[in-house]
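First chain written, first letter: the chains are A, B, C, D and E, and each begins at residue 1.
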């Protein structure tokens, strides 16, 4: 089984109009089961668009998307994946806990179980004390963490994350990176991760996919094999090598 | 002459109330003439607060701030510095060009000169084509660049910048870092630069000042001497060493 | 263009509803549990639309001018009163808002009374203000005062919100430029308040119309649409369509004022897409 | 300050006209034809007065306008003016132009209502705002409790409530709303309603009528000989105006219409005719003399009759010079000397045919 | 305390100045009554004021509730259908510009002047527009992120409306209600100006004014002010209860 298979994917926005944009052109991508793939590329190269196509939030102009061996639309209806967007997108009228509970609620999970799961997730992102707060009372970084907790709560086979750590300071970011890795490792989750930080991409991923802009296409796919994913890993020469390699791929 | 001298600076928000916050405690900092100093530290450690105190936008609870050998208030009135905030903070009813012109307008610069300067600055940040647009028509990263152009337009002796490159993708970010460095070098501008990216701080600075949270105070001050500030500098071993050093200082 | 078409579609729908109900409804109305829940559909209560339109072209009285000229005349007269009240009210509202923005204590002390002022029913103030006409000012001006009394409120509240709307960052930026209160007002607060000001002005326009109409009736000012409504409604017994012609006049007046405010908005707001902000 | 007394210049002293403001009770209509005619025919000018008529409105209280010095004379109903007096308005009735009340209570002929006692258990319309006391006094006199025995309903400016039979009896002025009924088309027949369709309770015959339109003057200023002289001149010209309208109703109707009244011509002629009936023939010395008995009845009803909220018009009997016949008597003498018929004993009302909508 | 003190001081000061102005300036009571005289009348007429306020208040309340319900339904419909929304917004803006209070005489004829229906209807119509326009804006302003998120949860249209649209639009609804609440009282009182039943504050004020009993008239005016304020404050209270996430931010 492969988590995601994208083939010949093309996306044109506003087709036939004056402001037509060719966002993605002939993209092929395969994400294996349990694999962690990062997408990196200049602003506007179509990273978010690719993620949204995989999530079946927009329709491709050409090409196909298969998630867990099913068409993307079916996979969405069967809720095969969890997603965290570039903006936190919390519901300001729900407390932090009830925000995390929302996807569980919609899956009909019982109240007690919902609550237990949400609390565990909040613990994980370091926000256990804020379960009763409203999103408006949190800083930007904290909101982002709630959104991550919400995406993880359903323990989906596939995780789609769009710059989830963008608003976090380096410390929190590194902590959450480790947490994310350990969750993925434990549950065997496959992940597609969008970022604009080269070091983050290299540190987290089994494979870094580099994209170029106008039209958005994949220009390189760099396998990363760090000796370990921890403080030591961050200081290994292979880490810095891969960073340089990705940077050069981005320049090309 | 020293650009900034901060001594014994303490800032308490909401003093005497239930939600009292000790944001800064006994901070001493000196920024030499033409020196580039970065402030780095976890979210909420008081980086922005320190910058606002230097700019005389808020009053210190204790301690003194001297800018260009004058009290901060006087320096503000004499417009000794330019500032770029964490949020772009553009005036949405002004075009991009007129946003950049605003500080010049308030200094009574003539119309033609204003326009010429603004256009030069927009060129610098790669937005010459967007001079006639309104901020609402730009992406977040572009807005940030306009705010930088606005801060640079008056060519102030002191630049205060609060995470100015936060919303930019890595490519644009690196280009602007180089531009900023060349401007500072050319005009001898002193800079206080807040960031949460360790690599950025190391790459740009003569000195990286590391802060800790609750109460905010300075825990380390790391001199950086890169052989050169370009692609080669980014691959120099000393660059990676300093990154590791700053990371360790942050952990401490 | 699309908006104009939409309005026309809406008008046609309303006209169809009116005539449709007239055809289908009970001329005596529908009474449920002793309460008439649906209106009477007889000619006395709901004249046919063509009767109303036809009435416009007939002379007002034997040998008089056609009704539509009379109504139009009255509209223009009231438009003048409304405009004066609207301008005065707007000015007062703006000054109040600026004062409240500048001095916290003024805002604290005054704002509750600004809100309270609108709960004082017009009927109470009209006689008081009517007394000013003829001595302190020309009689029509006392009607404008009533219009201004209603119009100042949305402007004051909306503008205050608007002046307070710039983010702390904007205010700090101006401070870093060493700009004083006045320059901050001109360069930052006022432009930032525009999207709040225009909806408030639209409310103020509508309020000024109501004030002018009610004020005319109350102070016995002749020549305007309010006076026409009361005089024609006295004839509703024998000439029901006539009242509706006066109502059409009032509708026209409302449209004129709303249109004028929108025109004001065009040059100042062209840079942004339509931002709707609600006051109060 | 309120009651400053500007010294009134002697009228006609220098040949220039003395400017005078007269506050009317309502919009221009034949109810005020006498004053309009006196202006138009130059009767005031003959007396050295330049009279400006001030129109009324819903919230214009003529007696207050007078008391605050913004008018020199005012036309007001007696009970309402007395209430203002009680509140401190210094005004005096110097000429009771309408000798009779024009208030009716109108019902459908087939309802069987012909007198106040028949109103028991009915829905009774009235205008409120102080216009209801004749009705209340009439009902009280007939042994009904207005707050219990009938359902009181506020009428609006037209008579539709009666026509639609929402109410059983409606208040109407003989010269105005009653005419509106006769100007309306009966949908059943396609013809106008006629007087035969309606029954009228006339408070004059029920003995609960109150005095209505009178000329009021500023009490304080009446101490000033100049104002006294001016008042006599004003009343003299007013008498001439009313006498003119008695003799030339069509002419006066045209004057009123020319003033811009929106009511139609036949309606105004009807009103002129009905108003003449309230003025003429004048009993006793002539037009405007206040009849002691009628005054007493008015005051008594004002003091004793309660409306739904339990308020009476007056709390106590009026103090001081509430009315005086001094000036009207002088004016009558002068008018007589000028050859005016001040009693109109030969007055015969005309028969006016109303057209649809009073056009 | 610091929030309450300035307005209270200001109010007291205004009252004192008013009293001094009236007594020292020898202003006759039939022009501008002194606050003390009004106070005396309030005490004397308190039963009448109460009854009249109940009558007007009932009209305002029925109009407010009816108008709001209708506006909510209409806004829900207009937010679901693109066509309805496009037609209704400019149309509502146009009708909103009309002096609706002047409709009272017509409504009195269409229904009956002997019932409270016309006055309630006027109130309802006056309430309808601010609520409708504000709520509609709220319902349509669903952030695209929320929209996509609910799509990833495969949520149905109804779930979406219940969990996202409605709660998201609550603050807008209350913005409209705050405007509507004091408007409702004014409309209910002013509608009495045009005839109909005689039991409310508006009729009492005019009736007292007709007798130059201005202290009494102002006593009823004070009643109307209090009624308007009550409506406003109750709306504020409801808003606080219904949107807790907004309130917590202030503290």
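Everything below uses one rule, namely that contacts are C-beta pairs under 8 Å (C-beta built on N, C-alpha and C of every residue); 3 or more make two chains touch, one makes a residue touch a chain.
Heads up on the chains, UniProt names are A, B = NitT/TauT family transport system ATP-binding protein; C, E = NitT/TauT family transport system permease protein.
Treat the numbers as computed from the prediction; the structure is a model and nothing was measured.
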item: Chains touching both chain C and chain D, listed by label; value: E
item: Chains in simultaneous contact with chain B and chain C; value: none
item: Farthest-lying chain, centroid of Cα atoms versus that of chain D; value: A
item: Contact pairs, highest-scoring chain pair; value: C-E
item: Length of the line joining the C-alpha centres of chain C and chain E, rounded to whole Å; value: 16
item: Distance between chain centroids, defined by C-alpha means - chain B, chain D (Å); value: 84
item: Inter-chain centre distance, chain A versus chain D - centres from mean C-alpha coordinates, in Å; value: 87
item: Distance from the mean Cα position of chain B to that of chain A, given in whole angstrom; value: 31
item: For chain B, residues that touch 2 or more chains besides their own; value: none
item: Two or more partner chains touched - positions in chain C; value: 40, 44, 123, 127, 131, 217, 233, 236
item: Residues of chain D whose C-beta touches two or more other chains; value: 58-59, 61, 64, 68, 156-158, 160, 164
item: Contacting chain pairs - touch in the sense defined above; value: A-B, A-E, B-C, C-D, C-E, D-E
item: List of chain D residues in touch with chain E within their complex; value: 1-3, 58-59, 61, 63-64, 67-68, 80, 83-84, 87-89, 123, 128-130, 152-158, 160-161, 164, 166-167, 308-310, 313
item: Partner chain B, residues of chain C touching it in the complex; value: 167, 169-170, 172-173, 175-179, 183, 187-188, 191-192, 194, 271-273
item: Chain B residues touching chain A - in the complex, by the definition given at the top; value: 40-44, 139, 141, 168-172, 196-199, 234-235, 240, 244, 247, 250-251
item: Contacting residues of chain E [partner chain A, same complex]; value: 143, 145-146, 148-149, 151-155, 159, 163-164, 167-168, 170, 243-246, 248-249
item: In the complex with chain E, residue positions of chain C that touch it; value: 2-3, 6-7, 9-11, 13-14, 29, 35-37, 39-40, 44-46, 105, 108-113, 115-116, 118-124, 127-128, 131, 202, 205-206, 209-210, 213-214, 217, 226, 229, 233, 236, 240, 243-244, 247, 250-251, 253-255, 257-258, 276, 278-280
